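Got a structure here, written out as structure tokens. Questions coming.
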Amino acid sequence: MSILEVSRIAKNFGGVAALSDGNLVCREGRITGLLGANGSGKSTISKIIAGVYRADSGEIRYRNAIARYRNPNEAKKDGIAMVYQNLSLVADLKVWQNIVLGDEAKKGPILDNRSARRLAAGLVERLLPGLDVERMTYDLTPGEMQIVEIAKALAADPKLLILDEPTSALEKAEVLSLFAFMRSLTEKGVAIIFTSHRLWEVIEICDDLTIFRNGRNVGSMDFDHDEKDTEKIVGYITGEAQKGNYRKACAEICGETLLSVKGLDYAPFLRDISFDLRKGEILGIGGLAGQGQRELMLALAGNYPGVSCEAAIDGRKLELTKPAKLIRENILLVPGDRELEGLFVKHSVFDNLVFPRMGLRGQSLFTPLDRYAKECEQIIDVLAIKASGLDVPVRTLSGGNQQKVVVGKWFPYKINVLLLADPAKGVDIGAKRDLYEYIVGRVRGEGMSVVLYASDIEELVEYCDRILIMYEGRVVAALEGDDINEDKIITTSMRVGQPARERAI
Amino acid sequence: MNPKARSQASKALRSFTARNSKLLIAFGLILFLFVLGEVIVSHFLSFGQVLLTTKLASFIALFGLCQMIVIAGGGDGLDLSVGYNATMTAVITASIMDGKNESIWIAIAVALAIGALIGLTNGLLTSYVKLPPLVVTLAMSQIIQGAINVYTAGRNITGRPSPILQTIAAKSVGGFPNILFILLVVAPAVMVILYRTKWGAILFGVGANETAAHLSGVNVKRVRCVSFVISGTLAGLIGLLLIGNMGIAFKDMGSNYVMPSIAAAVVGGVSLAGGDGNYVGVILGAIFLQTLTNLLVALGWGDAGKWTGFGIVLFILLIVYVSNRRKR
Amino acid sequence: MNSGRRDAGAPDLRRLFARPEFSSLLILVLMVALTAILQSNFFETKSINRNINAFAPLVLMTMGQAVVILAGGIDLSVGPALSLLTCVLTFVMKRSDPSSGMAALAIGLAVALLLGLINGIGIGYLRIPPVIATFATSFIWLGVALFLRPTPGGESVDWFSAFYNFGDVPGASPAVKAIGTVLPPALLLVLVGCAFWFAISKTRTGRHIYAVGGNSDSAYNSGIDTAKVQTLACMINSVFIFLAALFFVGQTGSGDARMGDPFTLRAIAAAVVGGIALSGGRGNVYFALIGALILSLVNKIIFFANIPYAYQTLVGGAIVIVAIASSRANTMYNKRIKTRESIPG
């Protein structure tokens, strides 16, 4: 009956343990739900099962044989298919062409388009009736693309289907449709692993439940015997709440409103966001992954020329159309993806630290190496960056030290607002502590304001004076004071007690 | 030397080698070719031959500077119009100079203007209209070629370069070609600008990671546009050197330099993706290519052998230098 | 957001106009009209045939180049490859031995496929950026061509001129000659090329070429062997170049190591004018054909408008820029939603 048994899986990424002791059992014809906060390991274990990653240690038994897949295709051939977020669609092909991509039916050498269309239409009809398979994939909404990815995985006729947050882009009607389809699959004996951030979905469709926290599973339920107890489940997810040392009473240090944002809109990621930020305040941005937090940080940094917003700094009008404008107002960004957005990986530590200076007015033509070298050494000192020298390429540094370089490049500046997009992601504990010590030091010392987006709830709880919870591009709640604890954050983020919003046409 | 100093020295040597590995490989290849040439054909390694090689290579290296600037800025930058750009300035300034020194300043001004105009057009079309640089500069080279045709239609290209130019470009002093001195002045200046000024830092930053540069407040489009303007202006000036060297201007004088200039950049370690580049490497690359060409000619294989050998060696070098065999 | 699911079936005229292919069709019609106005005997058989003969080589080269670009590459060695093939053909053939023509065909095709294979290995397996990989191989092709034919010349068998003009083949019956005036060999070669691509587009490889060019990571994740597909695309290109070589050898009976040089840029430009996106995965080989016709007609128009020969090159280059700029404007009209990965949990 058990089609899959996963025991004691460990997986490390660059020194950070995503999984330390992952265990999971899936049975044929049943839907197993995986729950856990961001970074709990639930996504990592799914990817290991599907062959995307290789486990460092531990054992996977699939259909009673040890499974060690080197890539997703091997897993696919064995009947394990995973659907993730849009990694295998070609935008310039039609929907049906994408569904059969890589495994097209043919009569001899000729493509059998008719049966391909039929297969695709059949799958899509059961998942999302009305979606025309002749449409070009680039015309689809993200939700529709997700459905197409699901249909594509189903076309391979899998015995174990892994759905990694398939509903994140779907509206309620689409979700229910998907659930009906999943039921019909299980009736044929297919096993399904299902992860979602919406608690009601998991409770609704899953037969078994496994909850992950901090890289290991901390609880499991079998809904044949166990009650669907929401509080208990949330308790498993959050574990013990931590009281922060750093959080201060807002009234003490916070000053006047420094930055005011009204009606920030950037379709389709951000809708009508408004908030005020006071001097010396640390404002957190929370919510489940992918609700627009990253985009909010980038918008505040001026990365989207098409954004519409009424913003003011210190009472003066502020335009969010170009990063240079924000930098001039000392609103500085530490981007979320170090390699893609924050660093010149092949360049030296020195080059990276010194770069922002180059674009500024008043920067003299020649780079005064001596003065900068001294400054860089100061930065390395303050942030405790472990690098063998100023000249080493930044890619030789560990993730934590790389992140320190990204933060450190703003060190010599006066900072009015520091925008932090998940600064501690993939950073080891020591470096994380150093980073936050530096940041909080500047908040206390100069009254620097911070907008902090962290995927780890503990960080938000520990450092923030106020937390805005985002959901589907909007701010749905603002938590203060006693409301700042993990439980409250999670339940607000997951909209427990509220069904997924039905959107009007 | 006491042990500590010795280990420090070896550490310094190792890090120097690691950082400049591509340069050292290029230098080593050149030496290898010269030695090989000497073995096969006597007098290959003669003083005169080496200097002649460096003279011809200097022109490639100068065009290679144009390419390096455009390539370093990223965004698939390439400038295929440098050849005809230089030809055009040569053709037009020929009659301005008319073999005298008086109008040389006007000639220089005209060369700068033409080169800058071509570069600006390239820059605007690639950065702001967002057309692919490969096709734009290729089409631009054809437009310039057409303009030259129009200009020279029905008349011979008259005019000779000013004697000053001829001295600089064609003649030698004590056996050393003067153009080599030009290169020896230009190269350090370029290195200083690229590595010690904010312009160089910005250019490499834009090429290495345009998102990071943009988020740091740099105007990426403007930087790339300017890189084309610089490339075009330089190409215009090189046109003056071309006519100085040849003594007359003719329609195809520059077009044979385009592809070798790109090859020199690649061999010299400039990454086609942008973000890095060492001009010394480009110069070495140019010398390597010219040496290789000479060697193949000296082998007596004729044109056929020359081009085949050239292509094969380049292909092998590319496999070693540039292939992107990342593990999926 | 109901994303128009319901109205997916209804034809969207605005969407039709926005496609880059449509604008190139429009331009073609315009060009034909202009040429017809300027050249009084445009519609006479003799001049149509002359036009077909003039346009066919570029059409073939462009279609081949289009395939490579669709697969995500580009080929700067097509000109020298064409020259090389003419040299190979005239090297193998001996005037005195009619059967050497058959040998030439076989060997020529084999060499063509080999050229494509080498380029494909460089681009697909060795992952050398296509621009410089094909730049390097272009020298190899040139060198070998010079080796075979240091000066233009060589031999060709009598019946080979069938690839140019049926009437030139000694001993051709009047019936065959008559067919030749309505269906000139150049047109037949183009039709063969079209049929060849038609067949390929109906196979998995044809679909995969679009996938690999469109998003090679997605293609790889779907289990497609991207290196093999790119290699095949290069070899398909070679077949088109081979067809063009047949035409030229049929016409001149000789091989020339440098005759193909002008074709490289023109083929790329024509492909772009015909709506092929340089980034890969988008466009249509038949519309690339139209792009080649447009460029060729522009040259004709310049000629007949009594624009001096001197201006032709200049205007040709300017047309390329205008054409790709308008193609780009069309692409921006189609808003593409970039898919974004959410932060992994």
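Should a chain be cited, it is by its letter among A, B and C, assigned in written order, with residues numbered from 1 in that chain.
In this section, contacts are C-beta pairs under 8 Å (C-beta built on N, C-alpha and C of every residue); 3 or more make two chains touch, one makes a residue touch a chain.
None of the values given here were measured: they were computed from a predicted structure.
Asker: Determine, using the mean of C-alpha atoms as each chain's centre, which chain is farthest from subunit C.
Answerer: With centres defined by C-alpha atoms, farthest from subunit C sits A.
Asker: Considering B-C alongside A-C, which chain pair is linked by more C-beta pairs in contact?
Answerer: B-C
Asker: Taking each chain's centre as the mean position of its Cα atoms, how many Å separate subunit A from subunit C?
Answerer: Each chain reduced to its C-alpha mean, subunit A and subunit C end up 45 Å apart.
Asker: Indicate the whole-number Å distance between the mean C-alpha point of subunit B and the mean C-alpha point of subunit C.
Answerer: Subunit B and subunit C have C-alpha centres separated by 32 Å.
Asker: Under the stated contact criterion, what part of subunit B meets subunit A in this complex?
Answerer: 196-199, 201-202, 204-205, 208-209, 211-219, 275-276
Asker: Applying the document's contact rule, which stretches of subunit A touch subunit B when the two form their complex?
Answerer: That would be residues 301, 303, 322-324, 327-328, 333, 335, 340-347, 351, 354-360, 363-367, 369, 409 of subunit A.
Asker: In the complex formed with subunit B, which residues of subunit C make contact?
Answerer: Those in contact with subunit B are residues 74, 122, 126-129, 131-133, 135-147, 150, 220, 265, 268-269, 272, 278, 308-318, 320-321, 324-325, 328.
Asker: What residues of subunit A sit close enough to touch subunit C in their complex?
Answerer: Residues of subunit A touching subunit C: 36-40, 42-44, 72-73, 76, 85-93, 97, 101-104, 106, 109-111, 130-132, 134-135, 138, 140-142, 144-145, 152, 165, 168, 197, 268, 289-290, 294, 336, 422, 425, 455, 503, 505.
Asker: Would you tell me which residues of subunit B are touching subunit C in their complex?
Answerer: Counting only subunit B, the residues touching subunit C are 78, 125, 129-132, 134-136, 138-147, 149-150, 152-153, 259, 262-263, 266, 272, 302-312, 314-315, 318-319, 322-326, 328.
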